[in-house]
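Going in written order, the chains are labelled A, B and C, and every chain counts its residues from 1.
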Amino acid sequence: MQRDAHSALTVGLILGGALLMAVLDLGTAATSALHVPDFVVSLVGKYLCYAMLALAVDLVWGFAGILTLGHAAFFALGGYAMGMYLMREIGARGVYANPHLPDFMVFIGWKELPWYWFGSNHFWFAMILVVLVPGLLAFVFGFLAFRSRVTGVYLSIMTQALTYALMLAFFRNDMGFGGNNGMTDFKDILGFPVSARTTEVGLMLLSAAILAAQFLLARWLVRSRFGQVLVAVRDAESRTRFLGYRPESYKLFVFVLSAVMAGIGGALYVPQVGIINPSEFAPGNSIEAVIWVALGGRGTLSGAILGAVLVNFAKSWSTTAFPGLWLYALGGLFIAVTLFLPRGIVGSLAAGLSRLSQPSAAPLAVGARPEPACHAAPEPAP
Amino acid sequence: MTEGNRGKGRRLGRLLLLCLGFALFRPAPAAAADPFAGLASPDFSRIEQAVEALAASGNPRAAALIDALAANRLYTWRWPRPDNGLFIKEPDGGFVAARTGEKIATPPFPVIRPVIVNDMVRSAIEAARGMLDLLSPALAVRGKAAEALFEAADPASLKLIDVALARERNPGVRRLLLEAQAAARLNSAATSIAERIAAVKVVAGRGDLPARALLASLGSAPSPVARAAAAAVHQIDRTLALWNVLETVYYGISLGSVLLLAAAGLAITFGVMGVINMAHGEIVMVGAYTTLVVQQVVAATFPAFSNESLILSIPAAFLVAGLLGIVIEQTLIRFLYGRPLETLLATWGLSLVLIQTVRSIFGPTNQDVSSPAWMSGAVHLGGLTLTLNRLWIIAFTIATLALLMAVLSHTRLGLSMRAVTQNRRMAAAMGIRTPLVDALTFGLGCGIAGIAGVALSQIDNVSPNLGQSYIIDSFLVVVFGGVGNLWGAVVAALILGIVNMVLEPIAGAVLGKIAVLVLLILFIQRRPRGLFPVRGRAVEA
Amino acid sequence: MGQKTEEALVGLDGLKLGRREFGGLGMGVAAAAATLGTASLVSRAARAAGDKIKVGILHSLSGTMAISEAPLKDVMLMLIDQQNKTMGGVMGKELVPVVVDPASNWPLFAEKAHELLSVEKVAAIFGCWTSVSRKSVLPVFEQLNGILYYPVQYEGQECSRNVFYTGAAPNQQAIPAVDYLMNQVGVKRWVLAGTDYVYPRTTNKILEAYLKQKGVNSADIMINYTPFGYSNWQSIIAEIKSFGSAGKKTAVVSTINGDANVPFYKELGNQGIKATDIPVVAFSVGEQELAGIDTAPLVGQLAAWNYFESVDTPANKKFIADFKAFVKNDKRVTNDPMEAHYIGFNMWVKAVEKAGTTDPTSVIDAMIGVAHPNLTGDFATMMPNHHLSKPVLIGEVQANGQFSVVYQTPGLVVAQPWSPYLPESKNLIGDWLPPMSCGNYDVVAGRCLGRTQKS
């Protein structure tokens, strides 16, 4: 009962907050005290997309025990798929007025679109790519890795290598994705001008709705029988295997699902920030996503969302408020949370609450269980 | 051999002849109006001619003037005046009149400007100085001059070479002179075809890049010579291709040693202790900045030992980084044992703080850590060019690793470290003070990272971002080798280095690196515990 | 308005307290945090109202680009401070700098630009360094009609109404440098080495077309790209060395960026390649970059810029002395982008005074034709294509880390943002004066390709 309230409250806050923002932006005069500037709307939209990434990371790390340090790669791939569509929407409005080719291709002297851009002018096709590309990459990577039982820190570093390799690849101009400059200067999405106020509000509302849907899906998943097996895999993979489950299948499924969720986040992110470039693949971005989750509370889905929003808000605010010192504040925050709130904000609060009322059966508390040191006793080589 | 070099050489030949002329025949002093006039010109080609003329003039002030010009100590009027005034700034700050060497009482400072030299003038200066070198009593100087004559390959120098050959007794320099002679003959229209073909053989005998360049430039020579030269070029290319393989291996080893050095500290803190230390790169950076500080302190207090400050930096960086490591362990890491993934979060935060601290203290820009003389330059080994700084780093890496292994396997501290990491409770039961050992182990790992910073300061930027560029590679090395295995890290770093350098010329630097990463990912699928897994009986890691 | 916003802040603070209560249930509170964000951002804007003009400074103070960008922030602070002290601001109003840190993060650049323009309501922004950061903020400036002064040499192929490009276009840096090497040094064989991103790619493409037009064989051109921050130069330099051993004078034209330069030059020095053997002319190496290198082995290597710290003019002497005094550090150096900001800032002041307002539309129109003395002598003039006319200087590295000028273009060079050497841009020009008012006008087709004034 109490946990249903949890979901309802999270979803209600996401949707209610977003609606409130929308009303305060569109429905009030610019001089009104209650007016929310457009700038804040797109900022909130951006946070919501990051929250999707955090949710995806929490699903695999918090519930399946896969510490991914490369999830931003899926986010960026989704973003690139959307970026391709947005580039094609520019049409002949680019600086060279070429009706078929994006500016950066005209510029590197290409005469026709490469094959992998085929169909990117259709929105529905781009949406398929948004789901398919991250999903496929996650499937191939996960299939190989989980089948050969690459676990723990080995897996983490490999995900890092994956996103690093992708970053280097997308930096190359010859890849046909715009190199370091990436894709930018978008005009329309589905015929609506991207920088129009109403489009920005619409995208923000859409992000909120999709985030809420993703949250509900994840919540349903982890509370289902599937989710319980997942937690069992997280806590004792071998024991689960001996009981007759196939941990690799469970992990693969959740890994692919989470990659798709991150990809959708990326796709919504791009029209709202107006640029996608290879630095989205930077290994640091993936590590940061993990940190959002840790800060909010690993294994608590709402904590992941809270962590993403809080950290990014802190970043937005402090880079303007004290531009020379904000790294101290952010670094200090991470250290302080680790030392004093080992279960993250939501995890600690939940633990505090349940201590006050009655012990909860929720499979939330991750930080409580000491994890085995990665070096301690590896399994024999196959 | 480039045309520029040849131009330089032609000039050198001309000068040498003139000089020899003076030495042998003592003609009347040059009658030219003012051999110095052109030096005051704003036009580089006039300055260049003036330097040549000056060197040939036999004027007793020539050497002083040319030296002053080379050192940017030659001044002229800021606005041209008919007397073409030239002044030399003495090291004490005073001025002398360039033509006479007399001291000037009131320095004409505000109305004069230094005479600027560019590459062309600098070549002329080099040639003018080199002219005297062929007759120098010092063997090395003569050898260098002969080598310059070879690169010049100027027919005008043939007579001079004959004179020098007649005097030269040292076989090494003689050989160089003979090669120079052959090179000059190749470009001389007066030499017979047969002699020139013989010269091709002599030049080809060197088998190096300058010889190849010279032979490759003979395309327009009479066809038998050109054919012989083309065949020789082909031959040299084949030899060079062989050397190239060796060179690639050397580059690979050198890259591998840099990777290994950067990863060695992590192999302790992460590999042995299991702390996912994201601030590792920043500890390396602290080591590099320690090098900077030591260098500045030494330069300020004992300038005579500036060349040796790097040696002093090694223990200094070890101590600074090691102490920093112990402080980090005591204030942060020790609360997180048993929660390795959370060390990731805390040390990531720590890395942000360290970067910003260094940026606040030293500023965001690159710092100049100069290389000592004994680390600059290169040695030539057959067809290989081995740069000294890389050689030293390879040696340094080997020494560091040897020392580290000795500490781990032959000291009481090493024994305790291994005991604690293998079975903490048992070790504690045996009376080992595990908290102390933890702190010392982390300090040791950080200290090693610090001395890696000393080495990296010699080949990379010393900036707050230094650490960030090595952190991923360091983790890859440790994981590829097998966490907890120092030898694994050694082999992994070497393999990564060599594979990278082999792929680079084939695929380009970017694709090569991508290929290495993909190969690594695939390899880990085959061996999920790295190259050398630590074996144990437990099922789960 | 300020008053009302303060009230809003109080109201929203109430909401913050409320949030804490149900935060106990462990809620993800996107909306509440963001609403708080609004409140704090808006209140900041409200606090600095009154008779002041705000100037935005958008340079990375952290992250990889801080090395280059952070010193530009200092220059801007100094210029604004001087303007306030000596002239009492602009039009009698005090100038207030608003410094933000986009942290070398490209989406953050766009976010900060948006914030500066729409929340802080700055009159103009001085900022950006990399091309990608400029591309990232460009739509924001065009949408909100802001003014950006971009101080860095860049690849061209862009001409926005809302941007004033005070750095060099390729024809103000690369082509004179190649001319110098070709005509004065007699270079016949060319290595175009660059970091793999758009500036080197474009510059090298322009240079390749230019060299071929001058009769250079493709076999005599070697093009090489390396990733950002590349540090393992051994094999590439060995390759350059053997490329240079083909019997023709060889030079390297380097568009290697930032961090990769120090290891590049160190390796060059160690492999014994001197400027007299294979000269290297660089477009991204200035006094700031040399400050991190031991320059002894580099003496004679070349760089092409529109400004060198060593240029001996009274204006430059004063600028350098002022800067050193302002940052209270005698060791700091000045460089080309700093001069670009110096020119850009003074031009902005003149344009504001000319227009009598800080309204962007009027200032943008007033900017064209404004002239200001360069620090190296002569006048820079803002052209209708929003670029400057500049002198081009070629300098050789000296042992003291400075450059000595070995060549200077006889007159000023007018920027060509659209390169005439590239097929896709050879028909394009930019001209923001009426009646054309177009950033990409196709002179052959006789029409504007789209970058017109937003109405």
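Basically, a residue touches a chain if its C-beta (ideal position, glycine included) is under 8 Å from a C-beta of that chain, and two chains touch if they have at least 3 such contacts.
Not measured: the values here are computed from a predicted model.
Asks: Assign the assembly's chain-to-chain touch graph to one of these shapes: line, ring, star, complete, other.
Replies: Shape = complete; every chain linked to every other.
Asks: Of the chains present, which has its C-alpha mean closest to the combined C-alpha mean?
Replies: C
Asks: Taking each chain's centre as its mean C-alpha position, how far apart are subunit B and subunit C in Å?
Replies: 31
Asks: Report the inter-chain centroid distance for subunit A and subunit B in whole angstrom, where each centroid is the mean of the CA atoms.
Replies: So the centroids are 44 Å from each other.
Asks: Which positions in subunit A are in touch with at least two other chains?
Replies: Each of 168, 171-172, 324, 327 in subunit A touches at least two other chains.
Asks: Which residue numbers or ranges of subunit B touch two or more of the other chains?
Replies: As it turns out, subunit B has residues touching two or more other chains at 355-356, 468, 510, 513.
Asks: Of all residues in subunit C, which are in touch with two or more distinct other chains?
Replies: 61-62, 196, 227 - these are the residues of subunit C that touch more than one other chain.
Asks: Can you name the residues of subunit A that touch subunit C in the complex?
Replies: Per the touch definition, subunit A meets subunit C at residues 5-6, 9-10, 13-14, 16-18, 20-21, 31-34, 36-40, 42-44, 46-48, 51, 92-97, 104, 106-109, 168, 171-173, 179-182, 184-186, 195, 208, 211, 215, 273-275, 277, 279, 296-297, 300-306, 309-310, 313, 315-317, 319-321, 323-324, 326-327, 345-347, 349-350, 352-353.
Asks: What part of subunit B is in contact with subunit C in the complex they form?
Replies: Those in contact with subunit C are residues 1-5, 7-8, 44, 72, 113, 116, 118-120, 122-123, 126, 209-210, 212-214, 216-217, 240, 247-248, 251, 254-255, 258, 355-356, 359, 363-371, 376-378, 385, 387-390, 458-465, 468-469, 500-501, 504-505, 508-510, 513.
Asks: Where on subunit C is subunit A touching in the complex?
Replies: Going by the criterion above, the answer is residues 1, 4-5, 7-8, 22-38, 40-42, 44, 61-62, 99-103, 105-108, 110-112, 114-115, 118-119, 130-132, 135-136, 138-140, 143, 157-158, 196-198, 201-202, 205, 227-228, 423-425, 428, 439-440, 442, 449-451.
Asks: Please give the residue numbers of subunit A that touch subunit B in the complex, ascending.
Replies: 67, 141, 144-145, 147-154, 157-158, 160-162, 164-165, 168-169, 171-172, 236-238, 283-284, 287, 290-291, 294-295, 324-325, 327-328, 330-335, 337-339, 342, 367, 370-382
Asks: Where on subunit C is subunit B touching in the complex?
Replies: Residues of subunit C touching subunit B: 61-64, 66-67, 70-71, 184-186, 188, 196, 225-227, 229-232, 234-236, 238-239, 241-242, 244-250, 259, 262-263, 266-267, 269-272, 275-279, 288-289, 291-294, 296-297, 300, 312, 329, 396, 398, 404-407.
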